[in-house]
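Letters A, B, C, D and E mark the chains as written, and numbering starts fresh at 1 in each.
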Amino acid sequence: MTIQKEFELFIGPNHPGATGNMSYHIWVEGDKVKKAETRVGYLHRGFEKLMEKRIWMQNVPLVCRICVPEPDVNEASYSMAVEDLMGWEIPERAKYIRTIILEMARISAHLLTVGGIAASLGIYTAAQWGIGDRDYLLDVFEQITGGRVYHIYIWPGGVRWDLPKNTKELLTKVLDYLESRLPLYDDLIMNNKVFVRRAADVGVVPKDKAVEWGVTGPNLRAAGYEYDVRKLEPYAAYDKIDFEIPHYPKLGEYEVLSEGSDIYTRTAIRMLEIQQSIKIIRQALKDMPEGDVLLKHPQWFAWKVPAGYAYSHVESSKGEFGYFVVSDGEKKPVRVHVRGPSYTHGINVMETIAPGLNVADFAPTAISLDVCPPDIER
Amino acid sequence: MITLTIAIFLMGVIVVGLLNKYPKTAGIIAFFVSLIPFFALLSWSSVMNITLPSYLQFLNFETSWQYNLGPGTLILQITPLGWFFLLLLSSLFPMVILFSISYFRSNAGGFYAAMLLTMLGSFGILLAQDMLTFYIFWEIMSWSILALVIRGGDRKAIVSYLSFGALSAMLILFGFMLLYFKTGTFVFAEMHLDASNLVLAAITLIVSGFAVKGALMPMHVWAPHVYSKSEEPFVAFLSGGLSKLGYFGIMLFMYGVVGFSLLSSWGTFRGVPLFGYSLAVVGAFTAFAGTVLAVMQDDLRKLLAYSSIGQLGYIAIGLGIGTPLALTGALFQALNHTFFKAVLFLAAGAVYYRTGKYKISELGGLGYKMPFTFLASLFAIFALAAIPITSGFAAKWLLYEAAIEKKFLFVTPIMLIAGVGAFLYVYKILYGVFLGEPRYNVKEAPLSQLVPMWILVLPLIIFLIFPGWFVDLTAPILQGYEMTAIPHTPYTINTSLAKYNTLAVIFAFIGTLIFAFILYLSKPQEKVDHMDNYLAGEPPELYDYISMHASSKYYEPFEEVFYPYFKRGAERMWEIILAAGEVFGSGARKIYTGIVGDYSIYILLFFLIMVGWWLLW
Amino acid sequence: MNHENWSKLARIMSKRSLWMIHFCTGCGAMEMPPVMTSRYDMERFGMHAMATPRQADVFLVTGYLAVKTLKRVVQVYEQMRDPKYVIGFGSCTINGGMYWDSYNTIKDLSKYIPVDVYIAGCMPRPEAIMDSFLKLFDMIDKGEAIGWQKYHKYYDQYKRNQRMAFSYRLDEVKDIKEDDKE
Amino acid sequence: MVNYIDLTIQILVAIGVTALGFAIGMLFNGIARKITARIQNRVGPPIYQGYIDVLKLFTKKTNISHGWIFDLAALFSVAGIALAFLFLPVAGVSLLSGEGDLFLILYLLAIPALGFALGAGASGNPNAAVGIMRALMTMLAYELPLVMVIIAMMVYYDTTSLAVIVQKQANMHWAIFIPVFFIGALVADMALQGMLMEKPFDIPIAPHEIATGPMVEFGGKHLGALMLYKMMGIVVETTLFVDLFLGGGVILSVSQFGWLAYVVNFIVWFLLILFVFFIALLINAVFPRFRIEQALKFYWKYDALVGLLILIWIFVGVTP
Amino acid sequence: MMAKELFPEAQEIRKGRIRIETQKDKVGEIIKKLKDNSYEHFVMLSCVDWIKEGKFELVYQMWSYQYKEHVMISIKINRDGESMLSMRHLFPQIETYEREIHEMFGVNFIGNPNLKEFILEGWPHMPPMRKDFDTEKFVKDFYYKIPEVKEE
């Protein structure tokens, strides 16, 4: 009998360190991970198949279920792809509302992730606070859209309805509250000496490989690229709003500690993006013009989208979220293919950087890459 | 009777040597011969003020024996100290031989011959009353050990043992010569030493010579190689029994020949002789470094070897401090170490006998397959780790008390940390070998291997309940050094600092165990298969094989922290040894052909030369 | 204390200290963090998430189950110790919900493992989840939450359905019957 | 001759005190969760949650076992920790602490740990094995500063008996009021953090890394036994700290005040261990956990360095 | 150089979206050339089932951070078992995409050793993303036919 030196661990699906319903099968010797394999498919519902069976409009409630922590990016991206094929230009006010909604979603997703990173290293208080504070945003969502998690608010042609009257006051209040909480998070997480020791130089995505490996979003910016779809190909109202792209080594008030995208930098980038998002929402609320929020378009069931190929992408909290839509001019799409950012982060990036990781650092690394399994397998 | 004993031993050596093709017969003969020292021990029990029933004393040995040999007289006489160490060796030796009977399947004649010769040497050493006798028997023992090391067949082991054995012999011989030069006599009782530097040099040389056998750092280098590359029963005897001879020698010369008052006259530090203090510091360092190195080993025998080194360090601490409390502790530790380490080495042998593996990372899950071996080694491990449900704790406790009594502020934390470090490596043995994934489908070890193990466990239990009986044993020894035994009753020991009552511990433990047992019986349970385990939800039937044994590089973070400090020291040391050994060894290699028969002839030749040299001188 | 009182005490203890298995099976897991944390705080009821099935008492099947996940769910459910309870979370566990025509998700959870309480909605609000806990407490109190007993009783049927689902074929049934005969 | 009446009374008192220890331990579990919940902006479970949890675990209908070695964990951990408690002076009352000393207590604390380790190893789960490795290394790490301080105290008070150390601190001559031992108390408090397995040293059970480590296969009554061990462990370890540095909570002398002294001392002892535990909880709430080698380096570099200074201080100050 | 300059056959379908239709043996060359010319972000590899034509369309999509341009390289292969060369040596993530397409459409990629099960487990039927696989019928014939647990 041959003796295998490594022992095998399953990080997930039933594991506190798993990032949702997925699994890493890791081979460990001593304290070091020797090999990792990503196991996905636990959440496969065949979205792309189902979407081919449904008409264009019916797909809107479906797409938001692809990424649960931040469903709005799916709606926005899908709507943009359809608008692209239709050749629609949506009303100005709808663009601003989309911006607000997307940024709110970003904040709530980042709060969840930052809390998750902190919790994976042991600061459960941060996770409790983060998720608790996120709930205030969900209240605003509920007031605007009627749903806490799934909003189905962004449609092809604009948004479903206008913002309720007191949204501005409510949102401002919530933003003020969040802003007052951010220094506490800094004290608890970013300025915590133990956190810095655990997080700095751990789970590094090297800068020279980051683009080739398909790393996007905060993880790419943590490696030192100032790449953001909001600036590269502005959608919604981002071209009219003044904001910064936090990226390594411009980490604002946080210390620059390491080369490449490690847990610490990735967390710092997310903390900074929360600040930027608050700034964006404030601006959007201020600059938002009056007017229609939805295009006058034909009856939904009668839509026929012109034949063609469209690719639209948005910057989600995890990275580039893209929709590749193919139409043959009929009532139903021929093919909708979703590019989730976790597809690369969770599989080839994780499998490449895992060898040599300490087994204690494995789950924090996966969580700080913000791997979300539903956008891998859809 | 002693003449007869020596004659029987020598005859036994020849007979079993010739019975090489019949290992079982040779083993049985060797076993009967090996019982003789134990009978001698029984008949000498009056030395320790013990009266045994007459049916245990059916052989009547004379208490002293002399043989006139040219330049001096060979004197053998039983003393309390000799009796105590003979107790350890003579009770261990038959068990080891018994174990070997089923362990060796072939080619064992040479083994038994050399083992008997080793025991004969030890027997003589323990009874010797003059330096001449002492040295002759010392050489017999050392050379027959060499024969056994050569049987292991590892060049590094042979070279290191040879160089260190030679070093040890030279140091001792030089020390003896200095003493003879100073006093003009070989006999211990006739020596009248003074506080001169010559005597200090002699005693230093002698103690460092013995330290080699006792594997004190930095003289330990040979031990891991020899322990890990020789046959298991021999290693059990070497580690359990023969290593004690070094400490016997240290104790004999430090407290028997030189004496506590003379040691103090070379300077004291905070109430402890400077000589003893430095020995204690070396011992503490050995205890700590041995433990740390043991944690890093993957080879079961190497781990046990370093653990031996660490545990023997405690004896050195006790001998160094030199108060009655400390000496009692040191002797107690010697006794415990003899038995638990022998059990562990024998258990390792039994594991090897069944699986053919020594690497901890390649073993696993034997606890349910070999439950009695497991339980015996569990007991030994409890004793090693000084868990207060075995006698191992009492010994360590005495040493700690002694250290605190003398206000050893820096040595005691090191001792305690070495004690905690012991938990780490014993758990490595427990988990890596006996627990975890069941990898082998083997039977329990044969009965003739289990019986010796369990007999050797017995003293650990007896002296747990009645540590006072042990203190009784030390009383005559300490009397010889003009000290009184520490205050005690059969189950309590008192010191100036605290009290240790074993009955209270045991009864309270039984009580709480009953409480736990009631809780435990409250609900039924079912036994589940090993694979019905937490795999984060993955159904095991989807996989051909899931490796679940984490024993390879088990303490990797620990190794990462400590390895850099030890690597260089050990390597540099090894370079020096090799350079020295190469000079000595390259010539020697032509002579050492690897055939046991040749070596017996060499040993005989050496014997003749030795005797001739003494005669001519 | 007689047996009845004893088991009543056991039930009271069991209901006030339900430990939940930490297994996010579907998107419903998104509403679990708010329930666990400061806004809704289910630890008020003595509930908190446990890492491994051996330690847990209640299984929240949060949402749709892909067949691949169902295998894991069954494995985990069988590793949990009695008494154990299952809460079916969201419409997907009841009839497939949004994914009624998906080839990879099961449509009715109670065909595969016994479910004590269902929560409707996509996704259910935290209030609904808290309410389901209270409902479960109530059922445990009255001795109605007997899913785990049903699982033992109708083990063959559950196992048959599970095997069918795992193989994506209906004709697997025959094999099982033959297996049982052997 | 043995006085059987006295012996019976002693045994009864021992049983009572053990039961009380477990009761306080379970209460502490509830208090800890409540306090943590308040820090995290939550309501938290009722304060008696610990009792419910343990009772529930012992009333589970079915339990699993991986064989008899696995069961040893449950037995040894409960028995060992209760044994350690019996040898501690509690509020100045020494049950068996006259029969053993601090070294004994330190080693008695290893019985449950080793028993637990045996059971976890027997479960055959790699998570458990890694967890035990971390637990043993944490133990090695925090023991060095702890024993340094303890040995300094032993030499200072010239005894190794904890009961005597408590006695010598009577009349409010608490060790913590001596400057060197005030520093010692800080060092020992850091060690206590590791002993209690609170963050930043809860490495052995890190759920996100190794899914609660050693406890991974324990459920039902086995887990109940482990929880009893952990809860009682809190009482034992905080009491050890209080006995060493805070005079065991003794503020009234029994000879002077009679039974009133027992009551007051007991209350003070309870408040003190609660206070010590409270500090540990506060640290626990706001720190992540170290990696294991970082914990080892932290203890052996910083904590042990201060411990060494204390030893030097005592070495210079105390003449043999 | 921008994609249009590199490949004259490229057509711009709208601003920032380039489409190159080509043959399957030229794909590797084109991707390599684009990668060297700052199109260094591989977005995704899609497969479209044109059942009426009997073709699968494989769309390799790349993005240039420098030119802010998205390129779709499109090839068509026969539906009935035509293989494609693996491009996994160019970008590591292509391996995963190929694995998925192999599983969901049944396209074989030569040179990819890692075409084992990815998302599904023990799927015995036709690759489900093909247009001729009717998921609704499958659901009705399978999931709805699994019997309820009968309680006596």
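As a convention for this text, contacts are C-beta pairs under 8 Å (C-beta built on N, C-alpha and C of every residue); 3 or more make two chains touch, one makes a residue touch a chain.
The model shown is predicted, which means the values in this text are computed figures rather than measured ones.
Novice: Both subunit B and subunit E are touched by which chains?
Specialist: Touching subunit B as well as subunit E, we find A, C.
Novice: Counting one step per pair of touching chains, how far is subunit E from subunit D at the shortest?
Specialist: 2
Novice: Using only alpha carbons, which chain's centroid is the nearest to the whole structure's centroid?
Specialist: If one averages C-alpha positions chain by chain, the most central is D.
Novice: Would you identify the chain whose Cα-based centre sits farthest away from the centre of subunit E?
Specialist: Relative to subunit E, the chain whose C-alpha centre sits farthest away is B.
Novice: Could you find the chain whose CA centre sits the greatest distance from that of subunit A?
Specialist: B
Novice: For the interfaces A-C and A-B, which has the higher count of C-beta pairs in contact?
Specialist: So, comparing the two chain pairs, more contacts are at A-C.
Novice: What is the distance in Å between the mean C-alpha positions of subunit C and subunit E?
Specialist: One centre to the other, that is 37 Å.
Novice: Go ahead and note the Å separation of the Cα centroids belonging to subunit A and subunit E.
Specialist: 24
Novice: Find the geometric centre of each of subunit A and subunit D from their Cα atoms only, then give the gap between the two centres in Å, rounded to an integer.
Specialist: Between these chains, centre-to-centre, one finds 44 Å.
Novice: For subunit C, which residues are shared contacts with two or more other chains?
Specialist: Within subunit C, the residues that touch at least two other chains are 23, 37-38, 51-54, 68, 71-72, 76, 101-104.
Novice: Taking each residue of subunit D in turn, which ones touch at least two of the other chains?
Specialist: 40-42, 59-64, 126-127, 129-130, 207, 211, 216-217, 220, 291-292
Novice: Which residues belonging to subunit B are in contact with no fewer than two other chains?
Specialist: 532, 534, 536-538, 542, 548-550, 554-555, 557
Novice: According to the definition of touch, which chains form touching pairs?
Specialist: Result of the pairwise touch check is A-B, A-C, A-D, A-E, B-C, B-D, C-D, C-E.
Novice: Can you tell me which positions in subunit A touch subunit B when the two form their complex?
Specialist: Residues in contact with subunit B: 1, 3-15, 18, 23, 25, 27-32.
Novice: Enumerate the contact residues on subunit B facing subunit C in the complex.
Specialist: Residues of subunit B touching subunit C: 532, 534, 537-539, 542.
Novice: Please output the residues of subunit D touching subunit B within their complex, sorted ascending.
Specialist: 11, 14-15, 18, 58-67, 69, 71, 74-80, 82-83, 86-87, 96, 98-104, 106-108, 110-111, 113-114, 117-118, 121-127, 129-130, 132-133, 136-137, 139-140, 143-144, 147-148, 151-152, 154-155, 158-161, 164, 211, 216-217, 220-221, 224-225, 228, 291-293, 296-297, 307, 311, 314-315, 318, 320
Novice: Which residues of subunit B touch subunit D in their complex?
Specialist: Where subunit B meets subunit D, its residues are 270-271, 365, 367-368, 374, 382, 385-389, 393, 396-397, 400-401, 404, 406-407, 409-410, 412-413, 416-417, 419-421, 423-424, 427, 430-431, 435-438, 492, 497-501, 504-505, 508-509, 511-513, 515-517, 519-520, 522-528, 530, 532-534, 536, 548-551, 554-555, 557-558, 560-561.
Novice: Report the residues of subunit E in contact with subunit C in the complex, numbered from low to high.
Specialist: Touch residues, subunit E against subunit C: 119-125, 128, 133, 135-136, 138-139, 141-151.
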